[in-house]
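Same chain, two partners: chain A is paired with chain B first, then with chain C.
Showing the complex of A and B:
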């Protein structure tokens, strides 16, 4: 079984890898569904306010007479989610969580919003649970109360309420494969090559010493930079390349769609190419010869991935970008699905339905019992008592 | 795997699966590529978010049957595909605990995370996951009606087996553990009653409630894992940096138990477990295990308990059934120093597998047939529990504070 075959069994490949086309169409479907939901919910809220008819009839009508609601476009949704991905990074770093918790939390948000819209669930409310859930799945669990204490004005209940929604949006797959570990491996291999201990891939007839000599002659990344002359200088070159590539993996790789479109090794190789193309090419030479058809195929993919990384939203958004997000957020205020505003309430209602041991009763049940009480009071006034119950009309027990 | 520079996806075109593969994918998880699916489930959930629709579609695929077992953590039902009553599955419903305010329990998080990724003939298959009303998670698992390995071991009167059968079972366990480690997952609760038996005799490693991915260098893990009788000495000494060889020790203990037909070392406390290891296998010291005295929870044993590491003669006398080559393998798995202990890969490369007798064919393995109820019993447990034994609830709670 090759590494590639194993990767193909992962959920990241099976469920979370797309072509640019399928990714775009998925997002547009999600947006359309959300728009429908928003319009229909707003319509029935308005009908309720006008006091028209029963709930059921109105819902059906709602779709035919769509109210004028200015909904978010796919692009606006994307920018808003991107902005909250940044917030997620800031928050995870503020909490001193390790990089894998931060990176996984960001991917959870991105994955969640492939099949959910910010118009239905605001990213502000999903952000804390994405981080908290990542602490569970990345073996960095801290108690909910400690976690909530790190957030301003947020209760434990507010953090945990959307947990189920998140796991459902993640399709109950929690493993995220990051490119960081691969980068560390590549970095160690590069250092070994610089020390004259490197091993080329089978089929490449070069000794460790030859490779070390070649490495000293790799031209600098930028023409005006001085050439690294000694193995020591090469090592410091590798060190700085490593730091810069790591930074890309912590920012652009997470904020762009790279994880949806490319595999972890493709992502870190592309980061390496972006930082120091001559060195990255030399490293590839020790793996796949330039003449191999696989190499040119690989380069096409890597170039595309480099573009994805380069066109990523900035990790330090300027004034304009922040202003744009504020504008989108304002617009969102008017097109949020009114049925999904109270996540805490929704969560409690569902839990109560499942477990009524804690004594809290569902509103429906309370209403029903009140009605029954009133009825029996009325019937009690009848001297002949209530009519005998007919089996066929017997109500289902709650 | 991440170091492989080969493109796993050829550009992005390879994501188009063959029709057959795509179909099986759809059965497993519902098809995300067809959100506009006009199925009955979709119609019902109209206006709902895509995620809810997919969940509903998955839920509609299965029919829940009778209850097989109930524990504090889960209820296990027999179930089948709606379209095919012959295709039996076990549905493990994770109970929502209203007392537990931390959301989805860690056992469930761990089990889901890892079973979703691991697909291997000797690891219990997770077909799909869906939620019923009230946010109850339902894991649709492979149906394994033949009980577990512990039942076979204990039934000394009814079940007879020899070296060839032990070889078949150990081979299947070895492949399961190797595959976990190859995917960077530590199981951390290997024991006979987590080894379930399929209708065709295949052994399946189950219960990933204590599993985790390999840690990054310099980041410790908890030592409070693995049911005591199967826990290696480094964990009993509180080691927080450990490797896949913790699972190999457990495997060695299962190996020994298969031959003895009782657990090799049944400690009543962690210290007692260490004493038993000292007496039966050997006392760890700086000579046979450099660095052991520096472990956080290292305990020095007095001369009474200080035993040299048992040699081949002892093993041949006690475990003669598996022959001298088999004994070599057992000793390699029960090596005190985790750095000298065999890895899962080395276990599979051992020459015992190629030595006579040949392993028994699956269909000729002895079977007891625990029946569906036994699977219910096995699946409802939490990690680290043994029923009614002194080892009960050993590693039930992970100590997250001691990171």
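Showing the complex of A and C:
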């Protein structure tokens, strides 16, 4: 099996990779469905508010007229989710979680809001659970109570309430493949190449020394910079490129749709191209020869990915951007789905015994349960187990 | 076993006489009490030990029997085991051929195959015995031996092992029998002594007491009978226990007593299990590097820390594993072009599951 074949078995490739068109259509469908949901919910709420005494015909009439609700557009939704992705990153940094936890949490949010709209579930409520899940998937677990203590005015119930919603939205796949570790691998190889120990991809005939010489002769990224002359200088160049590329992966790659549209190696390669194009294309030469059709195809994809990265929302939004987000949030306040406001309550209702809202169970049910439990305990202790169920007498054959 | 009935000597009526005269030097057992006759499997002519020493000590020489003239070596002379020289020869031939054709029944698919094989071998043996097509037959045997050297040696080793097992078993049985015999003797001795003691006690009682003599005799006899029967029972019990233990023995090696010494015929030999290969969790799938050659050592400032820091190395952390993973993730998916590969698929998926999930989540 080759690396590509293995990647094709991942859920990220199978379930979470899209073409730009499908991604757009998916978002608009989600938005449409959410708008319909919001409208019908608001309408039924209003009908309720108008009083149960109203006649049936009147109600039906009221339902057919859709209420004037100013819903979010796809673009507004996107901005809002992007804003909360930023918030997630801030929160993860505040908690001192490692980068992969932050990146996974952001991707969870992005994935969740592919099939769900902020109008249905507010990102602010989904954010904690996304981070909490990310700590678990990325092997950085902290207890729920400690986690909730880091958030203002948030109880453990509030954190955990949307856990099933998020899991469902993630289609029960928690694995996110990040380009970060791949970038480290790439830099390990670049350093090896610079020190004359690197090897090209299988199938390319070049010695390590030749590669080292070539590498020294790679033109500088910017015209005004001096040409590197020794492997040591190349190494320091690699170091600075590494830091810049890492920063891109930490911010632009997460905030854009790059994860949906490209594979992790493509993302870090384009980050490398963005930072230092001559070095990146030299590196690609050692992997795929210029003449192969694969190379041109890859370059097209990498250029597209570069554009995606460049056009990503800024990680440090300006005043205008913040103001716009506040405006969207205010707008959202009016068009939220009223059925989905109380996530804690919904979570309770889904669980067993959730029907009674005050939490006190019906005494009869409690008694019955207790009796059943005792009985089963007794039977469990019995050496020969419970008595066999009585079978109705079979009809004898004539 | 393969004695021909009535065949005691070449001329009936003068039985034994021919046996005792060396056909070469004509000396007889009458003159030499310790005379031994030897034969050579080359021609099977019989002669006495002194003749062999005399003629063949100085190297190979032709057979002294008139009309034979084969070259014989002293080394190959041996004692005649069977009386009939023809059978002796046949046994030799069989032994030689069977050493080569030592296939076992387990090696054959069906019994018929095995029997066919046996028949083939039998034909070869028959040819050799009756001296028909000897050269051709010998050639066949030699060719077979050359072709199947490994199987022959393997089966030979197996047979050797079996014979060792059988010898050990027989040895164990013998040992058991010896012990039992010793026990029996001891028991007998005890019984005898007791009887004598009883007699002595009776006489003493009779001499010392003044009661009825008949009553005393009866009483003592009764006591004796009681004692001996108790003893017999005890012995019986012990024997039974022994037998039980013997039958429990799964290999039956220690089966000593006649009752427990039976064996189940036709037991299949346990086949030696093949040596299991190392477990391969990937089921033979190997990772092929398409884009890179993995190196043993990578430079990286913080990898060097991990390599030397005892806090990390003590726990068994392997930097190589990290490097392999990083290199793998660096290139896993470089050649996956989502737009090309998934363009068609996503349309179908989107209108299916994803939208359904969205619809469900968005509110009924």
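List of remarks:
As a working rule, the second predicted complex is superposed on the first by the 340 of 398 C-alpha atoms of A that agree within 3 Å, B and C clash if a C-alpha of one lies under 4 Å from a C-alpha of the other, contacts with A are read in each partner's own complex, and residues count from 1 in each chain.
The working rule: a contact is a pair of C-beta atoms (placed from the backbone, for glycine too) under 8 Å apart; a residue touches a chain by one contact, two chains touch by 3 or more.
Treat the numbers as computed from the prediction; the structure is a model and nothing was measured.
With both complexes brought onto chain A, simultaneous placement of chain B and chain C is prevented by a clash. Shared-chain residue A:22: touches chain B and chain C both. By the touch criterion stated above, A:233 is placed in contact with neither chain B nor chain C. Of the two partner chains placed by superposition, only chain C is touched by A:187; chain B is not. Looking at the shared chain after the overlay, A:247 reaches neither chain B nor chain C. Once the two complexes are overlaid on the shared chain, A:329 sits clear of chain B and of chain C alike. Once the two complexes are laid over each other on the shared chain, residue contacts for A:287 go to chain B and to chain C alike. Contacts of A:269 after superposition: both chain B and chain C are touched. Once the two complexes are laid over each other on the shared chain, residue contacts for A:98 go to chain B alone; chain C is not touched.
After overlaying the two complexes on the shared chain, residue contacts for A:195 are found with chain C alone; chain B is out of touch.
Comparing the listed stretches 61-69, 97-105, 169-177 or 331-339 of chain B against chain C after superposition, the clashing one is 169-177.
Across the two superposed structures, the residue set of chain A contacted by chain B and also by chain C is 1, 3-4, 6-8, 13, 17-20, 22, 26, 29-30, 33-34, 36-37, 40, 115-117, 120, 165, 168-169, 171, 177-179, 181-182, 185-186, 189, 261-266, 268-269, 287-288, 294, 297-298, 301. On the chain C side of its complex with chain A, the touching residues are 285-293, 295, 297-300, 303, 323, 325-339, 342-343, 346-347, 350, 353-355, 357-359, 361-364.
Chain A meets chain B in the complex at residues 1, 3-4, 6-11, 13-15, 17-20, 22, 26, 29-30, 33-34, 36-37, 40, 98, 100, 115-117, 120, 132-133, 136-137, 139, 141-144, 156, 160, 163-165, 167-169, 171-175, 177-179, 181-182, 185-186, 189, 261-266, 268-269, 284, 287-288, 294, 297-298, 300-301, 304, 347, 350-351, 353-355, 357-358. Note for the complex: chain B touches chain A at residues 1-13, 15, 25, 29, 32-33, 35-36, 47-52, 54-55, 96, 98, 101-104, 106, 109, 112-114, 116-117, 119, 129, 131, 133-137, 182-183, 212-213, 215-216, 219, 221, 400. Listed in rising order, the residues of chain A touching chain C in the complex are 1-4, 6-8, 13, 17-20, 22, 25-26, 29-30, 33-34, 36-38, 40-41, 114-117, 120-121, 165, 168-169, 171, 177-179, 181-189, 191-192, 195, 197-202, 261-266, 268-269, 287-288, 294, 297-298, 301, 337, 339-340.
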